[in-house]
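As written, the chains take the letters A, B, C and D, and residue 1 is the first residue of each chain.
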Amino acid sequence: MIDKTLPSCEAAVADVHDGATVMVGGFGTAGMPYALIDALLAQGARELTIVNNNAGNGDTGLAALIRHRRVRRIVCSFPRQTDSQHFDAAYRAGEIELELVPQGNLAARIHAAGNGLGAIFTPTGYGTRIAEDKETREIDGRHYVLEYPLHADFSLIRAHRGDRWGNLVYRKTARNFGPLMAMAAKCTIAEVDDVVPLGGLDPEAVVTPGIFVQRVVATSAHRREAA
Amino acid sequence: MIDKTLPSCEAAVADVHDGATVMVGGFGTAGMPYALIDALLAQGARELTIVNNNAGNGDTGLAALIRHRRVRRIVCSFPRQTDSQHFDAAYRAGEIELELVPQGNLAARIHAAGNGLGAIFTPTGYGTRIAEDKETREIDGRHYVLEYPLHADFSLIRAHRGDRWGNLVYRKTARNFGPLMAMAAKCTIAEVDDVVPLGGLDPEAVVTPGIFVQRVVATSAHRREAA
Amino acid sequence: MNRLSRDAIAARVARDIPEGAYVNLGIGLPTRVADFLPADKEIFLHSENGLLGMGPAPAPGEEDPDLINAGKQPVTLLTGGCYFHHADSFAMMRSGRLDVCVLGAFQVSVYGDLANWSTGAPDAIPAVGGAMDLAIGARQVFVMMDLLTRDGASKLVAECSYPLTGLRCVSRVYTDLGVFAVGAQGARVIETVDGVSLDDLRRLTGVPLEPATHEENAP
Amino acid sequence: MNRLSRDAIAARVARDIPEGAYVNLGIGLPTRVADFLPADKEIFLHSENGLLGMGPAPAPGEEDPDLINAGKQPVTLLTGGCYFHHADSFAMMRSGRLDVCVLGAFQVSVYGDLANWSTGAPDAIPAVGGAMDLAIGARQVFVMMDLLTRDGASKLVAECSYPLTGLRCVSRVYTDLGVFAVGAQGARVIETVDGVSLDDLRRLTGVPLEPATHEENAP
């Protein structure tokens, strides 16, 4: 019997190595896998490359990882926010490297990795600083920039429900980057509100098929017994 | 009030012009929009370029379009089957042009159009006849072929249920190319078993958001009243 | 000189959005356009974080942290709306499915170049978000902004001095002093607010301005 | 000379598929492998037309024309299986998520080149389907075939004469006379059927063959 559920976030992130590239789901706080990030913080891995839309909000989650100097490099679209003080400080101190990627290109590059493509020509960013030193090409009268896929060693994502085969559904706009990041990592770890028995998810409505997910952890207080 | 439903397939395909590129959903017979194809046949448009996984089965649907010499060119992955006699005859008579595309590249090229990409580097077909005369590139030690997006003027697809905003859900493996083709055409026409009232589809389970669909026709005998 | 309030600019933008349009309202000022869309018309609001058919803010106490817009504010979903992931969401943009996108700007050139993501200050932390994707991803990009900076410099310019967000992407500029069509032909004045003349706008902006033709007047 | 039946070859392939593997069984002969997968192990069958967790053929009368496999035969879905569109389905392949793909072949080279989509006959109508995607899309590509054609020519060759499906993509070849590892090092014999010697295989195939090392024996 295949059971991808794990009893704790600690167990789920135990093998994240120093220097790993870790995608972290979420747009702002919606879909942010807080329990997995807390576990990663406690686990202690360093020199991480983080891929997320933002660079942390407030003092918890991704912001805490940055505050504790676990992040060497961040790939994101919108680091600067009113409550991104820990990133701001690390960046100004030269302690963190930033690769700024337009949000749609970020999604497309993660998706390109998940689709096994070698590179894509995307129109976003053409003629701007973002495309400086990048290969460009005119195709059918439109200008494109060549962008490469973003792969990860681990993806930490938050979903609504999962089953022991790793199938996932999300909740509202907390879906955001989760399904893409699940496709782009060697090891995808999902924290979910509930683990449901096999068959508890409508096969027509599964958003992330289990083939993209290696580990599932229920983090809700009202966790249910799995199949 | 926006209502994308139309009373008949005839009305839905009335403006398909001679020489149009028409994507036709379906893998074999699953997801094949038979009623729309019949209407297109009756409508009479000629010199069509058809994009479908196959090149018609038996005497109906796509096969009938070919038999009636409406198709100048077909882009597909698997034309030759035991019951593809109408394509076979037209091909051997030099009356139809064939662009053979591996099935995954076909999906990826349609998807690239739907994603607004200019081109993609895909590994499939590298080193084979399919890639002859195509640009190739080695990226991170793997070989890729440059492939261009497939766009369409019209996509004719079959879905299970739809609403007046064009949201669609599919049924089992009849989903296949439908969601991709909906994204790649200027005008997507969906035949559905039932039009349901707005709100009748779970917003978490909508597979094709209405933004990708221009026209919806209920073709089931047990058609319901829409919202 | 008469100036339109920000709400009045938002209302003016709303007038140019037809029923059935798929529309993305950028973070900040453009969000206000939603308040002026006619209640009797169905217009589809897209939020790039993954929803279509965005409704108004929820009643107090009804906020759901999993249901937010691109500005990370709580929103609602209309009946008939739906959710999707980021790749599909930006596919809608990149493939030209959005009819209108409304954005703020630091500068817009008479040719439709847009600068709205960075002032280029050397010590600023850069952040682009979805701005570049939106700039190139809608059939029509509407900018709403004050025509002048607080220092009186025109934000409608011959050439942007700030870092670009997108090349030749803006079609209309809605300001407190007038509405402009921009593009390959240069800037055209579609309308001015009461008491502001074409010559006033020429003087304030310092760029060549002509009245819009009949065709340019049609949004 | 002893030869394995096609079912026996299928059973031999099935032995090398571990629990939890994601597996695509190509159209035709490879489909039979499903009949020999152990009932007490969970193995995930993928069908490229858009399902994962494919179950056995339905009972007569229970067929659903909307639930078919890549060979267009009616199938079932296991509890816990799910549906998806073609782009996601081929994303699973291209991004290396399939552990094993089992394919038939016209020829396999000792270096793992595969020819299974066209005989190259000038009057043939070409059809490739998902063969090229599958060839490059699984972590391990297993080929099952008879070692010899009806005319006695070896299908394990130094270099494919038929049009290629994929370069250096096959890892193992399961035949009626023996099992081979193929790859950069050339062909190695993992096992022969009873009564067939290594020298017999060398003579029949005409290609250099060595016994597999311990490492090469591990699937």
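Here is the rule we go by: a contact is a pair of C-beta atoms (placed from the backbone, for glycine too) under 8 Å apart; a residue touches a chain by one contact, two chains touch by 3 or more.
The shown structure was predicted, so the numbers you read here are calculated from the model rather than taken from an experiment.
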**Message:** Touching both chain A and chain D, which chains are there?
**Reply:** B
**Between the pairs B-C and A-C, the one where more C-beta pairs touch** = A-C
**Prompt:** When the centre of a chain is set as the mean of its C-alpha atoms, what distance in Å lies between chain C and chain D?
**Reply:** 55
**Prompt:** For chain B and chain C, what's the span in angstrom between their mean Cα positions?
**Reply:** 34
**Prompt:** Approximately how many whole Å separate the CA-defined centres of chain A and chain B?
**Reply:** 32
**Item:** Centre distance in Å when chain A and chain C are each reduced to the mean of their C-alpha atoms
**Value:** 29
**Fill in**
Within chain A, the set of residues that touch 2 or more other chains is 108, 115-117, 122-123, 170-172, 204, 207
**Prompt:** What are the residue numbers in chain D that touch two or more other chains?
**Reply:** 77, 83-84, 87, 90, 93-94, 137
**Item:** Pairwise chain contacts under the document criterion
**Value:** A-B, A-C, A-D, B-C, B-D
**Request:** Spell out the part of chain C that touches chain B in their complex, as residue ranges.
**Result:** 19-20, 22, 42, 44, 46, 52-53, 77, 79-84, 87-88, 90-98, 137
**Request:** Can you check the complex and tell me which residues of chain C touch chain A?
**Result:** 47-51, 64-69, 72, 77, 83-87, 89-90, 93-94, 118, 124-133, 136-137, 163-167
**Fill in**
So, in the complex, the side of chain B touching chain A is made of residues 108, 112, 115-123, 137, 139-140, 142, 144, 148, 169-172, 202, 204-205, 207
**Request:** Show which residues of chain B lie in contact with chain D when the two form their complex.
**Result:** 27-31, 77-81, 87-88, 91-92, 98, 100-108, 110-111, 122-130, 143, 170-180, 207
**Asked** For chain B, which residues count as touching chain C in their complex?
**Response** 1-2, 113-117, 163-165, 167, 183-184, 198-199, 201, 203-204, 206, 209-212
